[in-house]
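Chains here go by letter, A, B, C, D, E, F, G and H, matching the order in which they are written, and residues are numbered from 1 within each.
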Amino acid sequence: MERSVIIAGFGGQGVILAGKILAQAAMNHGLEVTWLPSYGPEMRGGTANCTVVMANETVGSPIVDEPTSLIAMNLPSLDKFEQMVAKGGTIIVNSSLVNREVARNDLNVIKLPLNDLGAKVGNMRAINMIALGGYVKATGVVPLEVVKETMAQMLEKGGKGKFVPLNAKALDEGYNAAH
Amino acid sequence: MERSVIIAGFGGQGVILAGKILAQAAMNHGLEVTWLPSYGPEMRGGTANCTVVMANETVGSPIVDEPTSLIAMNLPSLDKFEQMVAKGGTIIVNSSLVNREVARNDLNVIKLPLNDLGAKVGNMRAINMIALGGYVKATGVVPLEVVKETMAQMLEKGGKGKFVPLNAKALDEGYNAAH
Amino acid sequence: MPTDLDSMVKVFSRPKSLTEARSTYCPGCQHGILTRIIGQTIDELNIAERTLIIAPVGCSVFAYLWYRCDAVQVAHGRASAVATGIKRADPNLVVLSYQGDGDFASIGTAESIHAANRGENITVIFVNNQVYGMTGGEMAPTTLIGQKTTTTPSGRDAAMFGYPIRFSEMIAQLDAPVYVTRQALYDTKRIMDATKAIKKAFTNQVEGKGYSLVEVLATCPTNWHMKPVDASRHVVDVVTKVYPLGDLVDRG
Amino acid sequence: MPTDLDSMVKVFSRPKSLTEARSTYCPGCQHGILTRIIGQTIDELNIAERTLIIAPVGCSVFAYLWYRCDAVQVAHGRASAVATGIKRADPNLVVLSYQGDGDFASIGTAESIHAANRGENITVIFVNNQVYGMTGGEMAPTTLIGQKTTTTPSGRDAAMFGYPIRFSEMIAQLDAPVYVTRQALYDTKRIMDATKAIKKAFTNQVEGKGYSLVEVLATCPTNWHMKPVDASRHVVDVVTKVYPLGDLVDRG
Amino acid sequence: MPRGMVVIDKERCKGCGLCIAACPQKVLAYSGQLNHSGYNVVHTEHPEACVGCTFCALTCPDIAIEVYREKVAA
Amino acid sequence: MPRGMVVIDKERCKGCGLCIAACPQKVLAYSGQLNHSGYNVVHTEHPEACVGCTFCALTCPDIAIEVYREKVAA
Amino acid sequence: MGEKVLLRGNEVIAEAAIRAGCQCYFAYPITPQAELLEHMAVNMPRLGRTFVQAESELGAINMVYGAASVGVRTMTSSSSPGISLKQEGISYLAGSSLPAVIVNVVRGGPGLGDIAPSQCDYFQATKGGGHGDYHMIVLGPSTVPEAGTLTMLAFDLADKYRTPVMILADGMLGQMMEPVDLPDPIDVASLPKKAWATTGAKGRDPNIILSFDLDPEVLKRMNLELQRRYREIEKNEVRYEEVETGDADIVIAAYGTTARIAKTVIRMARAEGIKLGLFRPITLWPFPYAPLKKLSERVSTVLTVEMSAGQMWEDVRLAVAERAETPFYGEMGGVVPTPRGILREVKKYAH
Amino acid sequence: MGEKVLLRGNEVIAEAAIRAGCQCYFAYPITPQAELLEHMAVNMPRLGRTFVQAESELGAINMVYGAASVGVRTMTSSSSPGISLKQEGISYLAGSSLPAVIVNVVRGGPGLGDIAPSQCDYFQATKGGGHGDYHMIVLGPSTVPEAGTLTMLAFDLADKYRTPVMILADGMLGQMMEPVDLPDPIDVASLPKKAWATTGAKGRDPNIILSFDLDPEVLKRMNLELQRRYREIEKNEVRYEEVETGDADIVIAAYGTTARIAKTVIRMARAEGIKLGLFRPITLWPFPYAPLKKLSERVSTVLTVEMSAGQMWEDVRLAVAERAETPFYGEMGGVVPTPRGILREVKKYAH
């Protein structure tokens, strides 16, 4: 069984970190995993994305042409990746910035007003964790607790321990907001 | 029919020019011809040599492992090339500088005291033409007159016309000295 | 808006020699200011039809997109050599070799110095932002002592990495260059000075005078990890102390 | 011979750190004098066992044959980079980067300047004979205006080929070098001065002081088409006018 | 009527803030609005104060600003 | 007895003549003899004039010269 | 270490080099191998080892030449255009028999190209992008963990055969993260001493490092010695992997990232009843001609898949020698073939 | 001009370039191609054309890049190590579709090697010594007159296909003199204008010269266009020579200087009753696979002879595909095989 997600958004929205935390959490949870970023100048000012593949057996291709999920933090990301998502897959949409509906009707679409929820948890930098919380709820690929623990370990290792409570709250917020 | 000669000596002895004049003369005489110098640092201060191949048909290899002749203007040249000369071939030796006999007895050996003859024609720089004159006499590969004319044309073209009489004399001297 | 456009005249607009393409630079990156100054200069000298832009490797790799001029994108560091080839092939062209500090003063050291020494009749703009922007913020030859970059994580240490190089001062030692100057962009006055310098560097070429080099101290807010306004301040307070502004050679 | 060897003492002989190999230089080539001076310096400092000779590409490509020292033959122009690698790998070694003017100041420009700028603790001897010796007398970056070479058959013309480059003056602009000097070999006094300078350059390295550069004006009788004695005269009369002798940096 | 006027191209603006700092009249400020690239763009908070000095435009790296000035009676 | 003496290695000498010019005592001159490499080598034409100053040896690019000097009585 | 960590390919190569005892690292920045440089910048000085950001790729490879001369383990890394600039230096390393490791994190080409993953430098790496008759050992890792183990191996092979060894990776392998068990660091002190190294002529005759002799006969002998060593490497060091080739009718020949993707394709194909296998060269030079030849005797088709216009394809055809069909499927310019795209090609040859 | 003159190969290449309308020549000195530089130094300024002695080979190839961008005919020349330094630039020329001529007067390698003739840069020239999927047209002259005609051709092909073209000569060909009929100079004014050249955007949209695009899909399209052109060149431009192959049992495959020597060997062998022929590729890229394949169907042995460890040999084996024996005889390090030496090898396969 192989699950894959593309997380995409503006440069500053923290998609790379969200992917890293997910990948690390999946690994801690005993899955095989690959994490692949978009890289180089395309990131600068523009958009960024990364792909996480999680599986029970060795991961073949870390590039996926049919991701099982998409987290679209802005409109360009939805435009770019919507068509690729596998039938029956999941899309998390940042409805604060995306002013259109998802066109496909064979997907599980979860709209989260990330910017509003960000304001609610008190920091716009945490919207990536809100989205990730929503993704975890919708797909169940890794338990929320494992993601939380992993996030805490990683931030602490990077000397950013003080942001753990905020991000934990954001994960919960997204988890709860996803239907 | 293919004739080939290696002309070898010290850097300042004019072997490269002698070869060029012979090659040009042979070409003017209607033969196919190649001229190949030793080149690079080995020339500097040390020894120099060149190989001229003359033939009725297209010349195959411009490098010869069995030259039909050798002009050895000094001892190192004789040491280096004596064994290569084809059976029945010709060696012109500068007996002024070479204080040993040619070891092989299957060759036509012509000893010319080039330095003494050079003193005789009045210029040590002309010893290459003396040697060439001897070679022409011994092998008959190109008529002496053609060599003389060619030499004159080449020196004149190079702005050294005033040396033509000296070099003509030197060619004669070598021609006459060769038995 | 309360104003009446008819009663107004446009006093500042996009230079005509620039295309409509949006810049690929980060917010606040001063490479962008240079784009505008160069466009304006090309307009003023009316040379768009014979100007060749050399787009280097670096954040300005896309320079060919921004000018209504022919352009050549070249290998990292070799812009001055390519400029030589172009100018020798067609001396009537006006050639701008636009280069970052990594490009001009590190990998391109030999090409930069020898084009200057030959006195090629070209204009070189050398953007000194003390960092490799494009590749993510590594040390440049111009990086200041103590400055943190991804390859000098504890700050540039002279014993290990050497000193910030004043490349224009080296070029100024040569006999050929007609104009070598160092400019900055940290405020309106400096921007106007730099504009004058760049115009002069182009004019020298148009008049056949020879090699002109305009070094420009610029910011890289992204890799300095500073807000653009703070980055400008940093140029005033710190950078100009190591790289003093002004003309080094003027034989025009 | 009428003299009695027993009543004499040897006051001048082949330095011990030199091998018996004969030099491959042309008659009268001053590269040979430098070989002797370097050998003598190695003897005096007693460092043969830890000296590494870098043999460049050029007429001194055979330098590895002449010293009883380990040696590394390197690519054309890259001697200063190789010296960097060696010295960083083993700082206890004494590294001599011996380079011709084509090697050091043309193809090797970037490596030469950046090794100097990093202040690598090495000794560089840069032999300025204003010509490419090894390849048969082409123009060097140091070739004088009007000088005929095989690639400047009508004499070096500044408009086409640029100016003779004073590379040591450029290096002297950098912050790191501890010693930069220009010496010559045209008479006994100059030979003794050069000997002192070279000893100082080695001593700096042994004492861990940093980068030392000794530029030496040398003759190339072969490609100058001059008798060796006339070539020395030419250095006095002409070459030193363009390349003045003396110390440019001395932070030792 | 103000002596000058600036027009900001919202899609070119990257919200760097250099123009805000360059304006001697404090005409400009962040608008709080994101453009399509996600940047918080600048707007003329105090248009009435503008003198058309062009300082903002000179400093804008994205050439997002056009400047108009009052016609001087001929 | 002369104050100095030079010994020239004939096979190393390339006949460049630098030593002849360097000798303040005019001790050295071309010998007219060619060595095995074909060079006209230098010899001591006036050995008696030699003061052992080493100038010739300092200038010889081929390190072909050794110099001796009279022993000074201890 | 035993502990699994999630790391980028670039970081794993850097860390493996450190654990293999790399004492001196010299490089010039370039995407997509920036993290390799950064990892070294942080960690080499910390360990008292040498990190120099060179003025250029030419500077870097020649610094490597210097450090290798002295006998220490040394490495440089770059990506395609930067590797082109190192070709003269690589030829010198080979000619002078100096051990060194060179990492190429390949990107799309030619020219400036792009920074996306590619395999378009295979020819340059395996046939000799520099001048002269030389070879490097070229290792093509397919996963992040393998990038680590092959980097360790690279240092050993370099020393054993006194030769430059290249790690031929690509942008994807460099950028992606994967769980990896980092290998234990070796004991540098236990490495055999290099008697030929130029460490100072103390108590022995001088050692000389050089790649030339003006006498062709001597240079020929030097070349014959290189060739002798190459034959030895060909005999001892060929490495490859076969996946489900036992009953295969069609075999994909692929290396590196492409081979990894091919493994997914095998699952997909077998699910559809196509007997697909994989032949994966691990040493790209020496290429595993003999095993592929053998395999080609019992399959109908060897489909070469590369992120290139068909470079390894030539070696495949040399091995197969028309015994089987040898079609090619390639993507270029940084486009990575997808499992579905490869499967589509496979189906053309399935009957 | 009808009149036969005795000239060195280096001079003939230089003079042919001038007659082909080469407007700009940039190079850095190196043996054994010094005379080429010297001929240009004397004659280009005399004709009001550009001669620049560059600061290095990197400088030279990038000056060529500049001049080619502007649309003039341009050339550089060097020898092995210098050509290695040009690899990045050559890849850029190919990537940017710029026409230019590059001369390699090959010497013994690897590393500094020596200055004697060699053919050890065949791989570099034909497979791509630089990075990325590109090819140059590579022409291998065998005699001094042919060096002239192929140099003229090189400029035409470069323009026709917008590609770099290499003349792959060797030290012997460069240094030797042979009688030659110099070709008439072309009329430069009659050459077709290059609409793509960056001559100033006057009355048209800007022209852009570039070798990159950060979008892999676009870079792929650029690569596909290159590959399309390569297929066209393969279709149109394959050149080779067959000598006495009609009844041959053994065929020597050789190019350049080695092929010339082989012609002497044919005479010697036939005198001894051995049916020997020669297959001589003139275009080394595109290699004449099809004609050699055809030939291999009716001979017992194709003996490849090179001044290398066996580089063109790979292409020969690709073409022959085990249809005939494919032994190899090579000399290295600047040693030139002698007619007798080759004959000795031939006899091993004669029955």
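We take it that a contact is a pair of C-beta atoms (placed from the backbone, for glycine too) under 8 Å apart; a residue touches a chain by one contact, two chains touch by 3 or more.
From a predicted model like this one, the values you see are computed outputs, not experimental measurements.
Number of steps on the shortest path from subunit F to subunit H, with steps defined by chain touch: 2. Between D-F and D-G, more C-beta contact pairs are found at D-G.
Distance from subunit G peaks, on a Cα-centroid basis, for F.
Between subunit D and subunit E, the centres computed from C-alpha atoms are 61 Å apart. Subunit A and subunit H have centres, each the mean of its CA atoms, that are 55 Å apart.
Distance between chain centres (mean CA atoms), subunit A to subunit B: 85 Å. Subunit D has its Cα centroid 37 Å from the Cα centroid of subunit C.
Counting only residues that touch two or more partner chains, subunit D has 25-27, 61, 73, 75, 106-107, 109-110, 113-114, 118, 134, 141, 161.
Across the assembly, subunit G contributes 31, 52, 55-56, 58, 81, 88, 92, 96, 111-112, 115, 210-212, 214, 336 as residues in contact with two or more other chains. The set of subunit B residues touching two or more other chains comprises 40-41, 45. For subunit H in complex with subunit G, the residues that touch the partner chain are 58, 80-81, 83-85, 87-88, 91-96, 106, 108-116, 118, 120-121, 123-124, 127-134, 210-224, 226-227, 308-309, 311, 314, 317-318, 321-322, 331-336. Residue ranges of subunit H in contact with subunit B, taken from their complex: 4, 6, 31-32, 115, 171-172, 175-179, 260-261, 263-265, 267, 336, 338-341. On subunit D, the positions that touch subunit F within their shared complex are 1-5, 7-14, 18, 22-23, 25-33, 35-36, 185, 187-188, 191-192, 221, 227-229, 232. Per the touch definition, subunit C reaches subunit D in the complex via residues 106-110, 113-114, 117-119, 141, 158-159, 161-163, 165-166, 169-170, 173-176. Against subunit D, the residues of subunit F that register as touching in their complex are 1-2, 4-5, 11-12, 14-18, 20-22, 39, 47-48, 52, 54-55, 57-63, 65-71.
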